[in-house]
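Both complexes shown next keep chain A, but they swap its partner, so chain B is in the first and chain C is in the second.
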Partner chain A sequence: MSAVPQSVAVAEARVTKHAIAPSRGSRPWTFYVLAGLFTFYVIALYGPMICIYILSFQDVRGGLVFPMKGLSLHWFVDLFTQVRTGDVKGAFDRSIKLAIVVTVITVVVSFMSAMAFRRRFPGDNIVFALMIGSLVAPGLVLGIGVGLLFNAIGIETSPYTSALGAQLSWTLPFGVLVMFAVMSRFNPAWEEAARDLGASTWQTIRLVILPVLAPGLVAVALFGFTLSYDEFARTLQTAGPQNTLPLEIWSMTLNVTSPSLYALGTVTTIISFLIIGAALGTIVFIQKRRGAGAS
Partner chain B sequence: MAVLRGDIELAGLTKSYDGVTTVVQGINLRIPDGAYCCFLGPSGCGKTTILRMIAGHEDPTGGEILIGGENVVGLPPVARGTAMMFQSYALFPHLNVRDNIGFALRIRGLSKKDRNRQTDAMIEKVRLTELADRLPAQLSGGQQQRVALARAAITEPRVLLLDEPLSALDEQLRVRMRLELQRMQRDLGITFVHVTHSQLEAIALADMVVVMDRGEIRQAGAARDVYATPRDRYVAEFLGGQNVFAGRVDAINGDLASFASPQMKHIAVPVGSAPVSTGDTIDIAVRRDDVGLVRPGMDVAADTSWLASRVLAVEYQGNFVKVMLDATGTDEFIAYIPERTFFRDPYAIGDVVQATWPSHLARLLAKTTALTA
Partner chain C sequence: MAVSRSMTSWLYISPLMLVLVPFFVLPILVVLVASVFETDGFGGLIPTFTLANYGTVLTSGLTYNLYFETVKFTILTWFFTLLLGFFVAYFLVFHVRNPLLAIGLFLICTVPFWTSNIIRMISWIPLLGKEGLINSALLHLGLIREPLEFLLYSGFAVVVAYVHQLTIFMIVPIFNSMARIDKRVVEAAIDAGASRFDIMRLIIVPLSKSGIALGSIFVASIVMGDFFVTKVMSGGGSASVVGAFYEDISVLQYPGAAASAIILTVILLVMVSLILRSVDIRKEITQ
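Moving on, here comes the complex of A and B:
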């Protein structure tokens, strides 16, 4: 009998000695290793961008490298007024409009394909593979291919034909994958319940499926928008005579040797953050409204 | 007999998903208006499929479903006058309690004022008034069930179909919600069809219990009939509370059959007019609470059957004691002894005892068909 408590005590001592899991007292050494690794990761991730943002606020004497010379908004003004920096405003305008079109198509098509894939159908795996396949194709090659094809058919490449198609080959697979993940949490019994209570198919979509999936749809829209707004490789050979914003920035890196390039970087980042903020705000709003019980 | 609006009749109802295996095999059943009917069976016995066919969420492969005398096969749920309560309730996660319950009225195009008036009356009926603005995720299991019930009941159906309505709840809540279901059924006065795999639930709730096995009905009847007078071994074992064992008939004296094996030579079973002859192997059921225990060597009354056996295990259950015996070899044999009786002379594991019961209380079971063999 007495052997049992003894062995328990021994086991306890062993556990406290070799415990790696966090205890109430001091943290294990692994915590500091991992915390250091994470800090390094964050610096590597955001450091380069922050350098650009800082350097964009120099005054007229500013150059492309540290140290910082003065503090002003000179290069932001320069960006939008000087012709030599290129057609930033026009490129920005084109990019936003194209991104909106891409977003709408991505959301609609992703939603519909997720609805279609709720049930299995003959050849569903092949259809799925075909949809996702274009993610694997190198973007630059795909863009050149689209450009070549348009050339062969004899149609001028332009933002709303060739560039739109090339960008959708990138945003749609993403949208579909996100939508599938969202859909996997959709309980088919909700649809049946709606039908049981007399709802038509359209009423079920409008009053149950769409509202339940709304946060997911916002996420898909956000994906579609940022992927299109940032897209370079597929757009390079397909955008036609006028540049989108990423193409404009790229050409500026070749020609412009002033901090207005950095100012452009700062401006586009701010816009990206505004869009992400708006999307998150929408999701929060949807959830708030539900919580408040408005109908 | 006049057909009432909540009468359900299943005629030759058959369902096969792949054309090869049939999950429901030509069911014939009549459920009277205003009855509380429970389909009872293990998972995969076809009970949920039957419910979904009555609800209109599944089309039968063959046969007819008549509600109020009218064949409803092919009609949408609303046209049938049925409403279903789903297994995990399927409450709309984006709508609060009021909007969930009022969903059917919104579909019907009622104005918001009318809708809210009717909905609030229903909310009061299921005592959810303080929770009307909550989302389903903010409710407990029991509250969710009340919302689901109210959402189905607001369509004023003539038949309410409940798919395992209590399985998502914990034990104590299950007992409470059972009472609530019973109360709702009395209040609404409509036919309830309830699918469950729990025999406790079925016999506690139902006016009519339908015991199912592999797409067929084994027995349908009042809860007490099904429990106390099971038709065959399957029903007896599924409902529990019975000792079922088999024996080969040695002789028939009057209406009592006796057995050949030495262990069963003191057992007699009334066979009535059943076609049993010497040499047949028959299934017998004896209720566990009809079995009494005495020490060996004690006298037993003339019309009493008894078995000599050994105590295998004793389980205290509070109001009775469950004594497991090694009486009949392969089949388990249990006696439910009232608590006070047991402790007057408690038995220990390994004690030799005689299990006794009045012979006329044993029952001959219908011969097990090929289905369960």
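Moving on, here comes the complex of A and C:
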């Protein structure tokens, strides 16, 4: 390819601008087809979930399908008071606490690992391969492996030992991959500038790298929290005698055939939305403060 | 200098290894060891080396049925998530003109990812059921006389639930790689006389390859390693490799289950390394 025809093409482009997605003017027919597809996707994504949120507000006559029978909070009360639905309150409590621990560790360790992966080092490919392996390994198999391992050593499985480790083997590869994407937008020149101005390694991390990467770290935290809060297969054999929330939901899907199940769906989604809101709010706050500091 | 540099790198990476070794490498090794042991029939393991477990697994017709079902669901899910994910990402990157709107629509696609998977799966029941919304709507419109039975507790429902859960795993990496395509390349191609199909074939698809590869790894490994969706949404009609593994474990048949798990893990690892051989994901993400 020679440079001449290209520059001619660019010159022509200025005259007749008809790109695949023109920045102005009429849209190609594909736009309408794809907009239709996108709308269909979003409806299919949210429609069913909205259905069960609505159905969870039925009264005592309510069933698992439409039409809606009455309007009350009956099934929410039922969810937290009935013996047959299990210890939902305790499950929430355990899951949220475990997710917080997983989140903190995921953020710190993902950040450190991403720092290491910025340079090549002996064995880096092995570490990377192990990470990908841990990500794709079947969760249930890994969970049983952890269970058998603890059994062989003679330690009881419990939330903050075996379940924590099993969940980290899933959240950390995710966190590191997200950190890779975040780091790719980090300009090493900023770090060099800091060092040239006499900053120590720790000062560079604390005053340059961490503030720049802060929004990305919040994203990693969001990943860590939700992946743990929703983790099922790896936790099944490692959580010990008491259920986490997904395990509770699982046993409910097999035993409970009342809108209590939907009520649980509504409650856990509200918690998820609070977490997303908090994460987005934090990111916006960081960006705003940064904008104010820059001006 | 070089030595101290790699020391620093290993210092940074050591916490990750402290998780991966005891909670990924060792458990897989334990399963591997269990797969060559004999069982006493009561959940105990007799430490004698045998390949009989693999023999049993590999000669059983049931195994091939399980793999056939699992691979079928994996391919169907992969196909539909890729189709949807690719075009949704393409629409957002190349057709939505306002970048802020594109990000907003992208976030709308990602929000359900942060909510419970199990709940999202269950949420299809009031829609697809015999008395569900879709059947009653179709009956109402007079399009059908009897409720469609195949909608729920069927292979169809399994694929719907998987596609619903996993399309996001395609959208995010493909969106990410498409967003990095220089729009001027596309404009130059148009000006040089390329058709829209050519642009898709020669520019967009090759430059989105890393996103497609990453998405495929996620989708394929999740579907192949899952048993829950198949169990619930097929109503017990379909089985999966991991589902059978779970059943074996609950009746304490550890060695057989372990052998089957090792075969599955090996298949997964081979598949993933084949995909990774075609694209250097690490390079693609970091640069």
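Methods note: the second predicted complex is superposed on the first by the 262 of 295 C-alpha atoms of A that agree within 3 Å, B and C clash if a C-alpha of one lies under 4 Å from a C-alpha of the other, contacts with A are read in each partner's own complex, and residues count from 1 in each chain.
Keep in mind that, in the parts below, a residue touches a chain if its C-beta (ideal position, glycine included) is under 8 Å from a C-beta of that chain, and two chains touch if they have at least 3 such contacts.
Predicted, not measured: the structure shown is a model, and the values here were computed from it.
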| item | value |
| --- | --- |
| Superposed partners chain B and chain C on chain A - clash or fit | fit |
| Contacts of A:L55 with chain B and chain C, given as first, second, both or neither | second |
| Partner chain(s) touched by A:L73 [first = chain B, second = chain C, both, neither] | neither |
| A:A199 touches, of chain B and chain C: first, second, both or neither? | first |
| Touching partner for A:R290 - first (chain B), second (chain C), both, neither | first |
| Chain B versus chain C as contact partner of A:I43, first or second or both or neither | neither |
| Chain B or chain C, by number of chain A residues touched | C |
| Overlay on shared chain A, then closest C-alpha pair between chain B and chain C (Å) | 11 |
| Chain B and chain C contact sites that coincide on chain A, given as residue numbers | none |
| Residue ranges of chain C in contact with chain A within the complex | 5-6, 8-13, 15-17, 19-20, 22-31, 34, 84, 87-88, 90-92, 94-97, 105, 108-109, 111-120, 122-127, 129, 131-133, 136, 164, 167, 176, 183, 186-188, 190-192, 196, 199, 217, 221, 224-228, 232, 242, 245-246, 249, 254, 257, 261, 264-265, 268-269, 272, 276, 282, 285-287 |
| Partner chain C, residues of chain A touching it in the complex | 5-6, 9-10, 12-13, 17-21, 23, 27-28, 30-31, 34-35, 37-38, 41-42, 44-49, 51-52, 55, 64-66, 108-109, 112-113, 115-119, 121-124, 127-128, 130-142, 144-146, 148-149, 152, 165-166, 168-169, 172, 176-177, 180-181, 183-184, 222, 226, 230, 232-233, 237, 245-246, 249-250, 253, 261-262, 264-265, 268-269, 272-273, 275-276 |
| Chain B residues touching chain A - in the complex, by the definition given at the top | 55-57, 76-78, 82-84, 86-88, 90-96, 98-99, 103-104, 106-108, 112, 132-135, 151-152, 155 |
| Interface residues, chain A side, partner chain B - complex | 187, 189-190, 192-199, 203, 207-208, 211-212, 214, 290-293, 295 |
